[in-house]
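Data block below; observations after.
Note that the chains take the letters A, B, C and D in the order they are written out, and that residue 1 is the start of every chain.
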Amino acid sequence: MTPLAGYLILSAFLFAIGLAGALTRRNAIIVLIGIELMLNAANLNFIAFWRFGEHPEALTGIMFVIFSIGVAAAEAAVGLALIIAIYRHYKTTNLDEVDSMKG
Amino acid sequence: MGITFTIIAGLTIAAAVAAMTLRNLIHCALAVAVTFAGLAAAYLQLDAQFVGFAQILVYIGAVSILIVFAVLLTRGGEPSQEKVFSAASVTGIGVTLAVLGVLTWAITKSAVIQRDLPPQPEATVKQIGDALMTKYVLPLEVIGLLLTAALIGAVIIAMRDDVAADVRRRNKNSPGASVAENPPPHVGGYNN
Amino acid sequence: MLGEGIIKGMAETARNFLGSYVSDERLTTVQYPEERSPQIENARQFPFLVFDGNDPMAGLRCVACQICEKECPPKCIYIVKSKDKKPDYKGQLQLYPATFDIDLSVCMSCQICVEVCPFESIKMDTEYELSTADRFGGLLVNKHRLAKSNDHYRKIHPKDAADSDAALAMEVAKTQAKARAAAEAEAKAAAEAKAKTTAAQPAPQSP
Amino acid sequence: MINGLDQIFVTLKYWLVGQLANVLPASLLPLVSVLLSLVPILVVFPALFAITTVLERKGLGRIQNRYGPNRVGPFGFLQFAADGIKAIIKEDVVPRAADKVIHFLAPVVLVVPAFLVYSVLPVGRNMVAMDIDAGLLFFFAVGAASELAVFMAGWSSRNKYSLLGAMRAVAQMVSYEIPLILSTVTVVMIVGSLSTVDIVAKQSGYHAIGLPNWFVFTPWGFAGFILFLISANAEANRSPFDMPEGESEIIAGYFIEYSGFKFALFFLAEYLGLFAVSGLAITLFLGGWHAPLAALEFIPSWVWFFAKLLGLIGLFIWTRGTLPRLRVDQLMNFAWKFMLPMALINLLAAACWHLIGAGATRWIVCTLLVVGFYVLLGRGLMAGKKLAKRVYRYAN
């Protein structure tokens, strides 16, 4: 196996773990962590493809990851603020219990 | 594939699994910090120094701390006795396995993975800075705007309702005065 | 201006720092094991038992009344009364403590035992170098270690000791006066009885 | 001869590597070279920690008109040995309710980054363990890991005081990291590099009037230096910013439940962090290992670095002996209402300095910008406050 495949497999596993956590856990914070993991897995792909790509001097992969880290930081801040607001309203962070929009 | 990469990958995946399965939320947050560190190490292995250090600075220094604070503010620090996984967990696992299968299949079938490691590319901080200020200046500005909006938005969302009402009332009475400038009077006549 | 106070403070501490090297008068501490600062007049540490005379056990003023044991807030005093009696300073026969223990690790130096003692027998000591390697036994003090002479008390608290001595002397004087009065009354009664037998007439009641 | 003394450690290292090359296989040589760079760091800075503890206690004692430690060894200078032996032979108590694994890991996670940051500090000419392109970013990234360690220590102890101390410490470190990094960015803007070696190299040479070409002798550099020192003081959790430890209210903060050697590790990490930020301040603003006067250049460069380091440590001790502890709200107000705007204006001043070009104009513009804003901000912050002696309304 070439190194590139190793990084891609690592990234795929991280993405799957993040997805599993986001889909199965009940706590909103853990769901957010799962989403962060998926974002990070995508970042790893960008860096790996940049390093093994044909034009590493273009820096596109690195730029994408830098912006992605910025977006992820903003996402985490807003997401956690939302969770705190939800907690204040419902007194729980359990997503199964926050279902007032259910028909 | 070197032994360093194997160790890093193993640690990262183990920490990620721990972050998604542990019962105590603080343990989850600490485990996810280990995952972020493992990813930073992977970036460094791929000769992306700047991104690796930025990853540590942003994810371990800020996002992990933010998660930990959120856990404590929502009283998630105490281990609860209720179920960890939600009702739809079987469907979730199924979807995950399907995604993982497709991804693995795509990776192993792809022709890209046959490529060998090219010589170490030049990605100095100077180059990155130049690129950020020339070619990517518009995305940079947009990111700046986004971060500012996120900052203000997070503050407003997380603000307690009574504080928000207080601010609104004060602004109606005396424009320009905010909560911080008029703290409640102290009993002891003590000026800081 | 912002930060002005910080500059002033820094100058003050710098003056202290340099001054302490220049003049020794600035230094406020003493080098403890070699030098000691004198204790104040009413210094107090832990209680001790006062005895008169030369024999600590015979001269112990304590009569094992157990008032201090009952009043002690942290309950650090333990007293067992004796079976026999011995004469006290007034010559009266009194009980004495067979056991008198104070746990100094519990004692809080409140001086209540001293306040309540009617016999001027428990007083506060000024001894403070009591540290010991024995954690439990070393600070449980029995009556042999607690007993200290009245001279010691006079030395550490001269004013209080004088008061206490005066009070005791008054007690003794009162007792003696009473004894003398009793003796006189007895003598008088005896004389009257003699007179009665001789005169064979009723005598008035003696007061 | 002069050059030989200056480069003595570098020469020694290459000589050792050369000697070992005859004995060891070639594949091990890079590892040996790295080890030879790291071992001095692992020896010198803990030794400096030992000396500093004694100096600090003696200095604080003198500030308070006391002698300070004077029993162990000549003038008490072996006090650190007594303290160290005491810390090692003490019982290691772990609370029953504590999270054992995290409780054990926290001091380790705290000390490792504290040592790692030294690898990018140039302590002398050609004396840096790792000259990497993104040296400053490395410094701050690794330093950020200590926040998580502090939180781990406070949370795993299961003690309300330690949790409170950890939350305070983390909030304080996050808040003061912003002015810290912003005041660093000014230097990065002028130098155009994140490499610590480049930053020091840029500060070589001397002005016409004999002053060295250090950044502290520019308006933005001076303001940045002061801002950096204040933020560094807060980052290192030292008085007057030591609420995380606040003995009088939360006893010892996040390391309340640690004893013996683990407590010593916390202490070590705290002082190592202090030395690291002082070293960075020297690198960024005080010309690194450069001599202050051209006539003094015969003294080896590493002597200059450590002399400056000791000077800054002395300044920190002096501040600690002078200023009382702040309240939490005062601390946060100071960070967000004074430090942050000042750092941003300083950034503007540095940009002006860079754009205007050499001459008297940029001196005037930058000085006016920094001083004017400082005065205005000071006035604005003090405006609503009637500063007076403390009164006790009910007690009187």
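We adopt the following convention: a contact is a pair of C-beta atoms (placed from the backbone, for glycine too) under 8 Å apart; a residue touches a chain by one contact, two chains touch by 3 or more.
A quick note: this is a predicted structure, and the numbers were derived from the prediction, not measured.
The greater number of contacting C-beta pairs, out of the two interfaces B-D and A-B, is seen for A-B.
Remark: subunit A and subunit C have CA centroids separated by 77 Å (rounded to whole angstrom). Averaged C-alpha coordinates put the centre of subunit B at 71 Å from the centre of subunit C.
Subunit B and subunit D have CA centres that are 27 Å apart. One inter-chain figure worth recording: subunit A and subunit B are separated by 8 Å, centre to centre, where each centre is the mean of the chain's CA atoms.
Annotation for subunit B: residues 50, 54, 62, 69 touch two or more other chains.
Of all residues in subunit C, none touches two or more other chains. Under the stated contact rule, the graph of chain-to-chain touches is a line, running from one end chain to the other without closing. Of all possible chain pairs, the ones that touch are A-B, B-D, C-D. Looking at the complex, you find that subunit B touches subunit D at residues 26-27, 30, 33, 37, 49-50, 53-54, 56-57, 60-62, 64-65, 68-69, 72, 77, 124-126, 180-181, 183, 187-192. Taken together, the subunit D residues at the contact with subunit B in this complex read 102, 132-134, 137-138, 140-142, 144-145, 147-148, 151-152, 155, 163, 167, 170, 174, 177, 192-195, 327, 329-330, 333, 384-388, 390-394.
Against subunit A, in their complex, subunit B makes its touches with residues 1-2, 5, 9, 12-13, 16-17, 19-20, 25, 28-29, 32, 35-36, 39, 42-43, 46-48, 50-51, 54-55, 58-59, 62-63, 66-67, 69-71, 73-76, 82-89, 91-93, 95-97, 99-100, 103-104, 107-108, 112-118, 121-123, 127-128, 131-132, 136, 139-140, 143, 146-147, 149-151, 153-155, 157-158, 160-161. Across the complex, subunit C is touched by residues 59, 62-67, 318-319, 321-323, 338, 374-375, 377-378, 381-382 of subunit D.
Considering their complex, residues 1-3, 6, 9-10, 12-14, 16-17, 19-21, 26-29, 31 of subunit C touch subunit D.
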